[in-house]
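Only one structure is covered here, and it is reproduced in the block below.
In this document, chain identifiers A, B and C correspond to the written order of the chains, with residue numbering beginning at 1 in each.
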Amino acid sequence: MKKGIIALMIITLLGSVMMTGCSNNQEAVSNEPSSNNESLKKMNIGYLASPEHLLYFVAKEKGFFEEQGIDAELFQFTNSAEGLNAITAGKLDVGSFGVSAPLAFIAKDVDVSIIGGQNSGACAVVSKPEKYEEMKDLKNYKGKKVATVRLSTADVIFRGALLDQGIDWKKGDVEIIEMESPAATMEAVKKESVDAGLIWTPFVAMAEDQGVKIAMHITDLLENNVCCRQHVLTSKLNEDPELWENFLVALIKAFDFYQTNQEETVDITAKYVKVDKKYLWKETYAEDATMITSPDPLKKSTIKYWNIMKETGFIDSDKNIEDYINTDIYKKALDRVLKENPDNQNYKRLLSDFNKYN
Amino acid sequence: MRRVLNITNILFVAIIGLELLLPAKRSSEIIYTQELIGIIIGIELLYSLNMIYKKDEKKRQSLGDITALVYGCILIWELLTTKLDILHNLLFPMPGEVVAVFLSEIPTLLDGLSSSLYLLTIGYTLALVTAIPLALIIGWRKRLFLAVNPLTKVLGPIPPIVYIPYAIAILPTFKSASIFIIFIGAFWPIFINTLNGTFNIDKRIIDSAKVLNVKEHTMLFKIILPGVLPSIISGTTVGLVLSFILLTSAEMIGASSGLGWYVKYFSDFADYPRVVVGIIFIGMVVTGITYCFDKIESQLLKWKN
Amino acid sequence: MYKIDLENISFGYEEENLIIPVIKDVHLSIKEGEFVSIIGPSGCGKSTLLSLLAGLNFPSYGKILLDNKEVTGTGNERGVVFQHYSLFPWMSARKNIIFGLQQLDKNRNQKDIEKIADEYLDLVGLKEVSHKYPSQLSGGMQQRVAIARAFAMDSDILLMDEPFSAVDAKNRMALQELLLDLWNNGKKKKTVVFVTHDVDEAVLLSDRIIVMSANSKSIKEEINVDFSRPRNRSILSKNNTYTELRHMLVQLLFDDLINGTESEVWEAS
């Protein structure tokens, strides 16, 4: 009996070691078999389960990556810091884990470059309807309690906006309560243990159904705000700039698709973000949606965000963030796409955006 | 007739009655009456079949008690949510809705089960085959024990979640990083319990073996290992529990399936019907696995009084 | 030539840089085939003496010789029966005996080993329960298995440390008879060293009784027991010599108890 159990354990161990050895990669969400074509370059892409990252989903599902010679595999992370760890360790090639995380890592001497964008907006401050009148004006925030998820984009921008108003939360003018997730923040707001809470998509769309009102959109706090940026290890960037140009071309094409194929985009996104499609649509395409999806690097806004992070004390660095933002590759990619499709309105818009925001 | 009129069956009728007769207070597009009645009838069928075929009076009684408890919980749950709408409607979905969602989620849950079992099996087995022999050897040599024991007190309590960035950086794949988290969670309780058991083994057993002139490896594996088995088993039990608890953390690393991933994912999205489904399903899986483990344990320890 | 020689044996254990003496200056010689009992009050060191003979401990001073060779540890020529845990709880009675035999000679045929085990289990009357675990056997049965194993392993010397003390009176008598039976009827008479605190038991079983003292931590008295064998319990109890001997032994033990204990302590060298 004992021998049997020991034998069973050893067989299981051997079997499992063999299995681990064989299965070298995590299965991607998509059931598409990875191509055996040798000319495709492998790329590990990290994402968060959010409609904010739809450019990745569309580029993968519609074959834009493959077109550009990239065999992309998508890996889901729940936590931006861990995603950045994976990038730092070389286990992921690229990710768009917010904007606080990459900037924080840059401040800690990790040589990461911002080469493009993913989205901006899509955050809001919510409060119960009774408090709406008060909480819709930042001036009234003195003495109030606000729930937030630390270092999230909304959190950083909010704290910066408070300081601009002369409300010093560092000295306790506002009591900031740090929560684990937007879901937890919502509960705190609903229970009225706080006066307002900072959330992001898809909770913004769900807000009304849950009995809270959107007091302020992130655009009310900071007009040209940024959210998730594309970040790559600079060393990897320099190794093969052409690969990254192709990568951005794929995202640019995905942008075009997203603009023109609303329903299919929502369907694709729903594969990766298992939330009711009506909310996804609301966040992505509704008229009052604040989420702007775009591959544009938004250099100027990123620099502003860096400064806000320094002001609010989240990072301490005298680096020049411009050294870490590379817009050349994006420009090359955009030019290439425009050359192939000179009459495409979406690409033309991207070009004018690029000139305006970088 | 007496046997049929027990508390379990009374509760059964009560729930059906409650469901059909009392109007629903909660405002919801669907009330899921069918699903609730369906599950109740299902449970009652299982219960009745067991009652007919099981002969042991004690087992029948406890089965009846457990079923009655289940009915009781469902009754209160339905009352507090659908009928009286006392509980917060987002966090506490209706039982009928949970049933409906459960049924539709079965493919995803089964897929998640196989994914989680893969991690658990490898991680846990690795922990077993490393912790037990190491602990036997170290516990047996006093000098080694005195050197290693304080270290276990420092390293043991470290929450495995802390190792995640290091696991990602050092190990080749995300999956192996996930397995590592399970491994380290299970390793320490097994190691520490085996270590202490070995060090504190009754000296008289050792003397008995010594006078039989056993060789060193016989001593370790035929005398100490079985002698320490009760300690090992308390370690493996704790290790198993911890493995499950750590599933959520382990499945945060680049995963898009798994039972732990499932509960966290939908919790992040405030999709609480799915969260409850996930919790119930995990409960079923854990029950099944610990049942098997208990069977193995009683077989291994059948020599104990 | 003696089978067992204890020359000038002393033993102490170290505690905070001092050595606490347990046995002091013990000289003892035992002939082959002799049945020797060691009795004494608790703290006299009799169990320790047995553990030294078994090779589980080493004397602080002095030598132990077996067949004129110095003892360096445990050995197959000595079988041991303890008061508790003689058997391994996770092995059945049968397996315990088989295990012991396997340790003697790994290359021996398994079938032969099993045959011997069954034979001895039968001899001690436990054939029916051979598959049971020690926890399923009474204390008396467990000791019977231990004795069966010791005899199955056929060692020249048998060391027994209060083997029947944890057993009730009736079973104890049965076990004493069993032991004498096996000892008398074996091919070669084993040399037995038997530790006990039961005076009657010592007289019934032994050729010689060694009385140890808790005060001197040494041998107080050696007494020959000359009753012819086989010894009958009820006949003996009516014998005057027996009664006198018994009385004397009890007195010796009692004296030892009421005289204060020297608490002498040695310096750790």
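Basically, contacts are C-beta pairs under 8 Å (C-beta built on N, C-alpha and C of every residue); 3 or more make two chains touch, one makes a residue touch a chain.
No experiment lies behind these values; they were computed from the predicted model shown.
K.L.:
Is the number of contacting C-beta pairs greater for B-C or for A-B?
P.N.:
A-B
K.L.:
Taking CA centroids for every chain, report which one is farthest away from chain A.
P.N.:
C
K.L.:
Could you please state the distance in Å, as a whole number, between where the Cα atoms of chain A are centred and where those of chain C are centred?
P.N.:
The mean C-alpha positions of chain A and chain C differ by 80 Å.
K.L.:
Starting from the mean Cα coordinates of chain B and chain C, work out the distance between those two points in Å.
P.N.:
For chain B versus chain C, the centre distance works out to 51 Å.
K.L.:
Indicate the whole-number Å distance between the mean C-alpha point of chain A and the mean C-alpha point of chain B.
P.N.:
Here chain A and chain B have centroids separated by 35 Å.
K.L.:
Could you pull out the residues of chain B that touch at least 2 other chains?
P.N.:
226
K.L.:
Residue numbers of chain C touching chain B in their complex, please.
P.N.:
Residues in contact with chain B: 51, 54-56, 74-76, 78-80, 82, 84-91, 99-100, 103-104, 133-136.
K.L.:
Can you list the residues on chain B that touch chain A in the complex?
P.N.:
So the residues of chain B in touch with chain A come to 90-91, 118, 121-122, 125-126, 128-129, 164-165, 168-170, 172-176, 179, 226, 252-257, 264-271, 296, 299-300.
K.L.:
Per the contact definition, I'd like the list of chain A residues that touch chain B in the complex.
P.N.:
Result: residues 1-2, 5, 9-10, 12-13, 16, 19-20, 23-29, 46, 49, 75-79, 81-82, 85-86, 88-89, 91, 181-183, 186-187, 202-203, 206, 210, 272, 274-275 of chain A touch chain B.
K.L.:
Flag every residue of chain B that touches chain C in the complex, lowest number first.
P.N.:
By the definition above, chain B touches chain C via 202, 204-205, 207-214, 218, 222-223, 226-227, 229, 302-305.
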